[in-house]
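Here is the structure we will look at.
Just so it is clear, A, B and C label the chains in written order, and each chain counts residues from 1 on its own.
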């Protein structure tokens, strides 16, 4: 079943965007800041008007429909809780506007308060809540009038790192339980991967790729996605690296740290045919591993290095094994495995 | 080592000011304020205490004085209420809409601060007297404006226009549109949004502006004396009574009225501050 | 991408797009009410002064404006305004520095004390000096011993004008200094800069527009003060008469045209002040954004 299908021609921040969301899915719009993802969300909500194009909800065109009557719940980045109203009044606001009976409002609000785990907080004011609590109130307020779609703008941006982890899980589970079609915007790929069923990567106002988190990571469709997801280093002259002769047909190539293996010299003798020689330029401690910057001929690569392995020092000559690279030519993207390794080795 | 640290801590408490100039600025500020404000004010309170409580009560409960105080309070209250109403409209229009000559009109708001009150007084009298453009019009309809309490209110409205507008304007400018958008998403109409979302946001500023306007209107003298006509029991305001008592060398009478008005001013100041403190509870993050 | 960035900035000030309808009766009504209110209440009095002062022709106007007593009154107005601005700029800077850069007990009381002149009637402002320096004042015997006249003389007028304008400069400076914090000053102090150097090199550039703004407001109020001056002046023509008092005297003598002509000088000054105020405010905002 179709949720949303919309396209806009020439809108400042969204450039001929086409996007459709299936009912009941939790979709993350992921993109760098300024990519127009928030604008897309606001257009769906009806807070901004597209210059052209259609917004459809359940097959019905809603362009000319008032934002408030589209049946959409919206969680704002800074929550926009009404600070002169108690938590109860905040959550009840949408119901009061609909002129629901006092008893129905009471019932619905207390239902929602237990759903978000804030029983007993009804009389507090937003200024007396922590960031995580405010977010949950904003969530409860948005879903109070039973919207068909829930939109969340950077829902975790204003929360500190520790609470954020918990809230992500909580949000995913709660939305799962409610089964409400949801779209959220984020610039944080970890967040998108962790929370969303489906990720839509947005760049310069158009959709770069849409797919499951694993899919997007493993099979980036465009150079932008490949560069944006995960860490990557550009590889000049990739065809000169052992095992990647096929790269000569492509204009650009990048490599990710998890596909670069660095070892002390001599430890990679089994792979003479495919290993390169490099010089360590920088070592930084990353908590659970080391990040090594290593220069192979003219290219600077990044690799992760276990703390358990024998220590390296800056300037040391090391062996470098590259297992996989991404290559692009125009809009064509491909994954190249190191040809010399294909036959005899299995990687972890 | 331990002792050393403790000593260090004690000494650091003795030098609380990193930035120089504390004693100098404290000295200048206190001296200036004492000479110009505190000692003169104390002189009035001192002479009032010589008068005694019963003397004070007697001086303020004269019929003419009571009438003057009543006129002052009522006219100031009316003017402040009128400006509270128009102030919200003006601030809203100037912040939210674009229209021709907006910048000019916005710049004109401060005119009552820049124009001497005596000039405002004679000019308003010329407009609203039976010979003036607006005054003649209303007179034909059976209303007199100049030389009535309506005239006093007109002068006080003029004098206090900037207070409410200028306190609300910055609040509206900074108001995060997310609040309104959140209400829109929840299905609220424009009236609901204004009265339930925007109005509570500007209410503290509105009350503060109203209080300032009220205090200023209460004490206003220059503009009112021209337009009021100064008829005892009808259009004679309290500051004018103080003036009259001083000219008759009735210092006790003047002091008594002054004390009542001082008390009212301080009560208004206090009310404004407590309002702001009360609303401050909602905005802290 | 930049476009969308600009969009986000706009969001902060503009009405949400959805709130703007193509034609909107409420909007039309509110703008009309505002414009009519401002024109009738503010613009009309301004034009009336100009209109009435030229009613009897240029000659009468010129005579009234260049009259000996008018010029004397102008002189006293200038003197008292300059004195008030100088005294209160000096005081305001020190008071604002004290209140924003140091923490000490009784700060709140001090801030309230600075606001007192703002809250009380100008007539009472005049009255308190009568009770201090006048015939019944406790300082009178002392003053008469040295033959100093304050009440009904120029010093009294100057003091009254200073009193009513005390809060203006300080009140403009305090919020600006508060929002700026004191990190920069502390950094400079730790490097050994003297108080004066810190003020001149670090603080002053940050507050210059607020300072000018305060000075402008102070000038406006000082030049137009009527009630307090009226109590203390004694209305001696050519001696203790300021321009606003001169307007009153002429008005009470039924010399309306002359009275409005003298007023037109003050209107002109008021317009200059308004323009200066707007320029300074505009530049100050720009300076803050940069």
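Note that a contact is a pair of C-beta atoms (placed from the backbone, for glycine too) under 8 Å apart; a residue touches a chain by one contact, two chains touch by 3 or more.
In this text the structure is predicted, and so the values were computed from the model without any measurement.
Enquirer: Is the C-beta contact count larger for A-B or for B-C?
Expert: Contact tally favours B-C.
Enquirer: On a CA-centroid basis, which chain has its centre farthest from subunit B's?
Expert: Here the answer is chain A, farthest from subunit B.
Enquirer: Determine the centre-to-centre distance between subunit A and subunit C, using the mean Cα coordinates as centres, and give it in whole Å.
Expert: Roughly 56 Å separates the two chain centres.
Enquirer: Quick check: how many Å separate the C-alpha centres of subunit A and subunit B?
Expert: That gives a centre separation of 54 Å.
Enquirer: Between subunit B and subunit C, what is the gap in Å from one C-alpha centre to the other?
Expert: Measuring from centre to centre gives 15 Å for this pair.
Enquirer: Which residues belonging to subunit B are in contact with no fewer than two other chains?
Expert: 176, 181, 184
Enquirer: Multi-chain contacts in subunit A: which residues touch at least two other chains?
Expert: Residue numbers touching two or more other chains: 46-47, 67.
Enquirer: So which stretches of subunit C touch two or more other chains?
Expert: Residue numbers touching two or more other chains: 16, 18.
Enquirer: Within the complex, which stretch of subunit B touches subunit C?
Expert: Where subunit B meets subunit C, its residues are 16-22, 24-26, 28-29, 32-33, 36-41, 43-44, 46-47, 86, 89-90, 92-94, 96-97, 99, 101, 105, 107-120, 122-124, 126-127, 132-134, 157-158, 161, 173-174, 176-177, 180-181, 184, 190, 215, 218-222, 226, 238-240, 242-243, 246, 251, 254-255, 258, 261-262, 265-266, 268-269.
Enquirer: So in the complex, which bits of subunit B are touching subunit A?
Expert: 176, 178-179, 181-189, 192, 196-197, 200-201, 203, 281-285
Enquirer: Could you list, by residue number, the parts of subunit A that touch subunit B in their complex?
Expert: Within the complex, subunit A contacts subunit B at residues 45-47, 67-69, 72-74, 76-78, 80, 82-85, 93-94, 97-98, 125-127, 141-142, 144-145.
Enquirer: Considering only the defined contacts, which subunit C positions touch subunit B in the complex?
Expert: Within the complex, subunit C touches subunit B at residues 11-16, 18-19, 26-27, 30-31, 33-35, 37-38, 40-46, 48-49, 52, 87, 90-91, 94-95, 97-98, 101-104, 110, 112-124, 127-132, 136-138, 159, 162-163, 166, 182, 185-186, 189-190, 194-195, 198-199, 217, 220-221, 223-227, 230-231, 243-245, 247-248, 251, 256, 259-260, 263, 266-267, 269-271, 273-275, 277-278.
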